[in-house]
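What follows is a set of structures to go through.
After this come two complexes, each holding chain A, first together with chain B and then together with chain C.
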Partner chain A sequence: MKPRMKAWFGALAIAGTALTAQPALADVKLEFVVWNYSIDTIQDNIKKFEAENPGITVNLTDYTWPDYQDSLLLRFRGGTQTDVVYGGQDWLPAWAAAGYLAPLEDIAPAETLDALKKDIAGFALSDMTYKGKLYGLPYYADTISFLYNKKILEEKGIPVPTTWDEVMAASEKLKADGMERPIVYEYNQELPNFFDAFVAQTYSRGGDLFDADKKAIFDNPENAAYQQLQWLADAFAKGLVQPETHESKIIPAMNTGKHAFTIVYNYVLAAMNTPGEQALAGQFALAPMPGSAQSTLGFTKFYAVTAKTAADAERAEAAWKFVNFMAGKPYKVAERWAAEKGLGFGQMPLFQNKDVIDAWQKWVDVPTLEKQVASARAGTWTEWTVIWSAYFRPLLAKAMVGEASVAETMKAGAERWNMMQARFAK
Partner chain B sequence: MLRTLAGRLGTFAGAMLILLFTGGPVLMSLTGSLVPDRVLFDENKGLLDEGIRFDNYRYIFTGELPDSYQQAGANRAMISQTARQVPFALVNSVQISFSAALLALLLATPAAYMYARVAFRGKKLTFMFLILSPLVPTVALVTPIYMTIEAMGLLGSKLGIIFVHAVKAIPFVVLIISVFFRKLPVELFEAAQLDGCTRMQTFLRIALPVALPSVAATGLFAFMLSYAEFMFSMVLSGDSGSRPISVVMAALARNTDVSWGLLNASIFIAIVPTLILVAMVWRFVVEGMLRGAIKG
Partner chain C sequence: MSTIERFPAAWVLPTLIPVALFTIYPVAEALWTSLHQVMVLMPDQPFVGLENYKTVIFGDYFADALRNSLLFVLFCAPLVVIIGTAVALFLRRPFFGAGIVRSVVLLPWVLPGAISAVLWVWVFHPSFGVLNGLLKSLGLIERSIPWLIDVNLVFVSIVAAHVWTQVPFAVVLVMAALSATNEEAIEAAKIDGANALQRFRFITFPQIKAMIVVLLIYNALTAFTAYDLVYAMTGGGPGTATTLLAFQIWRESFSMYDFGAGSAVAFIVVAISALLILAISKAMPSDLFEEA
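On to the complex of A and B.
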């Protein structure tokens, strides 16, 4: 080979090597926005992702939980580069309708998504779906649970209630035996949880507040929600209920041993059973939600990708890799949140994960929880649900304590819902 | 005699009431930070039944978990890592507040002199505009200011927050210092003019040295405005590198998943340096401001 040819081949070889040595993605810096829970853990997860994905770096921005939604909307409207965010089931309809978020179908391989969907709990999948499209993968999911004090029930010879009538009967027996208020209830019209707990009880009776067309049907006395509100009003009227303004107050209240039952999100059970911190830790257990269906309400917070990012092929590819790392198989990050922090999850295979079982069985019966999660249902989330809920919660609160009738409350709530639905449809 | 005694008792009662609302929360934070949650919430236990513990402070400064959360089966969700940002956020706050106060003084002191001593077209109108501008609700300004800082490429930086805090402090600084400049005897400026001083020389060599105590006091006031500001700090700071203490405290106080002990320890750490600073300099602030009000 002539020297000049050699030089050409040499140059081509160098150029080829240089080209093939480029990473699959040019350097991308993703902007990841979260609310500030366990930032160190998130940063550590990001480091692991960056190590596995050279060429992609992730910048984390966090806001306080109460200001998160407003801050994020400011970023969306201000055009601030935002690639991956924490989303929530209650915000999804409004964010998706406004075009802030992109369906994962737009950026992820269909077969990967299909495989992931099969593993996700039904309620979680529904929480992350808007108009038939999937907008996220679960970061954290939990269900509302019926919790009881095992020791108290055993001592009094009371079986674990399986219907609301049995809860009432058990509470009346406990009251007759000297327990002043056997049920602790999170009673605060300002909190979305207040409505969520009511929906969970409705689901446990096998009913729903809305029909398939999302019309309000709970003003019918035969409706499960109507019956459950009547049940709650009766329980309050009989002096069986100790109202507490926040779940954080329910934890110490249950740990006084003066109450036997409560209805709260499952993570509260973890706090109630924390040895070293709680006086009666270990005495509390989860029972399937009382009622014929034993179903409950679940909620899901998830990783979502913005529409702006989805429109940029390079960023979209990087964002999907990141979301898939944080919430996809083999669910290492979700496993870490569950085992280290006790956070719930939407990926059902984690119920068979040894590390998760080892960590969780210290405060909950894992098979019972798994059944509860599998049967949980999502809330009815629309563009107007949050606004309507803020209207309905004070009515609900009044009806529970007998300041308004159940019939009037349900009629007013249903009328407002149907009116808002009609307005939004326009 | 009886009247004097009644007066003293009244003063004592008034002082105690003020102490209850000022010192009470500090004392409660200190107690809550040293006593485990399980004792705090157990009505059957005395506050000091299990002694005092410094676990929460140890966690904030070293990251080592409180003893009760190191037990098997402990739910660590109540241990917020945000608490570990408190010491660093204090440093951020001091840097931001000091810079904002300095910038506000640099811009507002000459402006205050102009408004007090120089006649120019539009003086009344611009002064009114400046002084009344703080009446615009902060929330209404969040979006435009956010977009401005974003356009400047300063989002998530301390510099962006410093600019906004300085701008927010300027109306107050101009108002307070211009009052002082107005009270200075006119003969002082006439003498300077006769000696051939330019307007700038009169400001720098005559007015400023005389006004320095008031300027310093107003600077401290601007420092405190910035230190306590939350809304802009929250939307403009991006991560712990630029986040001031007001935002970190809000993150802790408004997060119900944070243990009471950790929250109280953070509150105590956050307020003690502020209290010491205020106790040290408040006298000078008041004196400096009064000087502006009564001079001449």
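On to the complex of A and C.
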């Protein structure tokens, strides 16, 4: 072939490659899957991302919260294109072990990730880490909180309880004074929250349900979880507890003024203290979780990238840009969720953000919350925790209402945990 | 000889194919699943024989779920039939606004189970519930009754809700059966001095007993496989107080992600349902479906 012809063919090949490659680069359409909370805000965030990143569009799919994990698993197993998802600390080990998600180290620059990690709360970092690798950046992170009605306690001359014994004594006093059921408790064995709240109470006593080898130790009567379950069973037996099936029912229940204490996710406090919407807004406050350690459970929902996407360089790059926009510096999206919706965050610098503080101090004492977030601990999340928790929660519920003994419940729960650990180890 | 007699299989094929597709295949798939370890989070699906059946039967929930399901059938099926028959007999009489009342009676039937559950949660709710409010305003109680939390009362609550949803269908079927009864015989009995109970027992009941049996079997099966109402009202709780077998299928499959165990419970439910039908059918007189 003559050199001139070669040059023509070469030029044509380059032009052809450029022509075919350019539209692909310009047309990455990410599939983003979420649960259906504040879809309008998510869509608006997506619009902003698309404006800043021409060539990348994002298609949003949402499922209801109860259907979310099932729907996502079906998408993963069915091979439906899914690029970025909302992940959760409880699901991560199973999803990562099954190869559905990719570590961010595979798609993001190491120095950027290192800088982001430094800003993330300890429990949140732990929640998003599996086998030493980071699988997400926080969408929101929160703690389980002990909330009380300030006005009721002040009127009755009851100090804010700092231990579970004090909570019991205060509740008994309130009951004796005519309050039918001073404690409202989210009692729904089908919700993961039900187990999470129990773990938070165990942490507040300075204990844990598992040892360093992840063996179940809560069947020991000296264990904090065992003691806390006994405490709950006693409180139910004394008629101090008003069970509610969902946090959305706790908000109006607390606003009747017929109850003084509750244990819920922190964002519920924002809803309880919303003026104009709630009758007793402003009367509710957060106290450190009662107990010698005053620690609690922290949890994190995060943006994660699927393994299928990570394997495709172009999609991986777009997915990382999107995740970094939603959860990375300067934390504008996380700030928006916090300021507008009262969602918690894992990015600690936001505690110094004026807009966030201004918005949050309307419903919570920010320094108290910051202290709680800093001392919060992550849960023990393994490949089998979610399955085991589904098994254990009804047992827990039975024990609380006196349908089973604490000893039987803890024994059955521990045996099941150890059996599942052995099964998954195989 | 006609084509249908020469090639009978070819003629039933259009019916057999959908039946095979929508009934035999899913059932066979479920049987296969119950004999394998099928967990969403585990990639392999090894054959485990009867291990899933052993696990669920000797687990912490099966005995409670079986007991609750049988009790649920025992209370719900007769109650639905008795109330349905009584309402149908009442609605059969001509009275002002009968047409409207007949339509309103059907309302619970057209409501999805989850909606009915929400309505009943608000009836039984301890703080805002209609029932407690009513009892308090009548001065019958001072403190709220924890209908959905007390392990004994909660069962009564779900029975009440389930019966409420099923009665309209019973009313429709009994009214259909009543429309075919011999009015002249009833008139004659009236003239002979038979009271209402006697007229029902000796004249009406023999003419509608076939329908009553069908309703009894139908309601026994409906109660035995009840799921949505319980799921939405109590989530099977508190503890296992309202855990029914059908709910346990869901819990094993979609809460614990063990489809093998879930399918094993499903097959146990199928077996018990078959036994239930056989038992009820055997208990009925042999001339049941003959002309009265």
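One rule holds in what follows: the second predicted complex is superposed on the first by the 399 of 426 C-alpha atoms of A that agree within 3 Å, B and C clash if a C-alpha of one lies under 4 Å from a C-alpha of the other, contacts with A are read in each partner's own complex, and residues count from 1 in each chain.
By definition in this document, contacts are C-beta pairs under 8 Å (C-beta built on N, C-alpha and C of every residue); 3 or more make two chains touch, one makes a residue touch a chain.
Because the structure is a prediction, the values reported are computed rather than measured.
Trainee: Overlaying on chain A: chain B and chain C, fit or clash?
Mentor: Clash: chain B and chain C overlap once superposed on chain A.
Trainee: Touching A:80 in the superposition: chain B (first), chain C (second), both, neither?
Mentor: first
Trainee: For A:397 in the superposed arrangement: first (chain B), second (chain C), both or neither?
Mentor: The answer is second: A:397 touches chain C but not chain B.
Trainee: Just to be sure I read the superposition right, which of the two partners does A:94 touch: chain B = first, chain C = second, or both, or neither?
Mentor: second
Trainee: When the two structures are overlaid on chain A, which partner does A:39 contact: first (chain B), second (chain C), both, or neither?
Mentor: After superposition on chain A, A:39 lies in contact with chain B alone.
Trainee: Which partner chains sit in contact with A:387 here, chain B, chain C, both or neither? Use first/second/both/neither.
Mentor: In the superposition, A:387 contacts chain C only.
Trainee: Compare chain B and chain C by how many residues of chain A each one touches, and report the one with more.
Mentor: Of chain B and chain C, more residues of chain A lie in contact with B.
Trainee: Now for A:187: first (chain B), second (chain C), both, or neither, which partner does it touch?
Mentor: second
Trainee: So, does A:242 touch the first partner chain B, the second partner chain C, both, or neither?
Mentor: Only chain C; A:242 stays clear of chain B.
Trainee: With both structures aligned on chain A, tell me which stretch of chain B collides with chain C: 60-68, 132-140 or 186-194.
Mentor: Among 60-68, 132-140 or 186-194, only one stretch of chain B overlaps chain C, namely 132-140.
Trainee: List the residues of chain A that touch chain B in one complex and chain C in the other.
Mentor: Chain A residues touching both partners: 77, 252, 256.
Trainee: Over in the complex, which chain A residues touch chain C? Could you list them?
Mentor: Within the complex, chain A touches chain C at residues 70, 73, 77, 94, 97-98, 180, 187-190, 242-243, 245, 252-253, 256, 258, 383, 386-387, 390-391, 394-395, 397-404, 412.
Trainee: Quick check on the complex: what are the chain C residues that touch chain A?
Mentor: Within the complex, chain C touches chain A at residues 39-41, 43, 60-61, 121, 126-128, 143-144, 146, 148-149, 151, 235-241, 243, 251, 254-258.
Trainee: Which bits of chain B are touching chain A when the two form their complex?
Mentor: Residues of chain B touching chain A: 36-38, 41-43, 67-69, 71-78, 80-82, 84-85, 142-143, 146-147, 150, 155-156, 234-235, 238-240, 247, 250-251, 254-257, 259.
Trainee: Could you please specify the touching residues of chain A with respect to chain B in the complex?
Mentor: So the residues of chain A in touch with chain B come to 36-41, 59-67, 71, 74, 77-80, 246-248, 252, 255-256, 267, 270-271, 273-279, 281, 340-343, 362-363.
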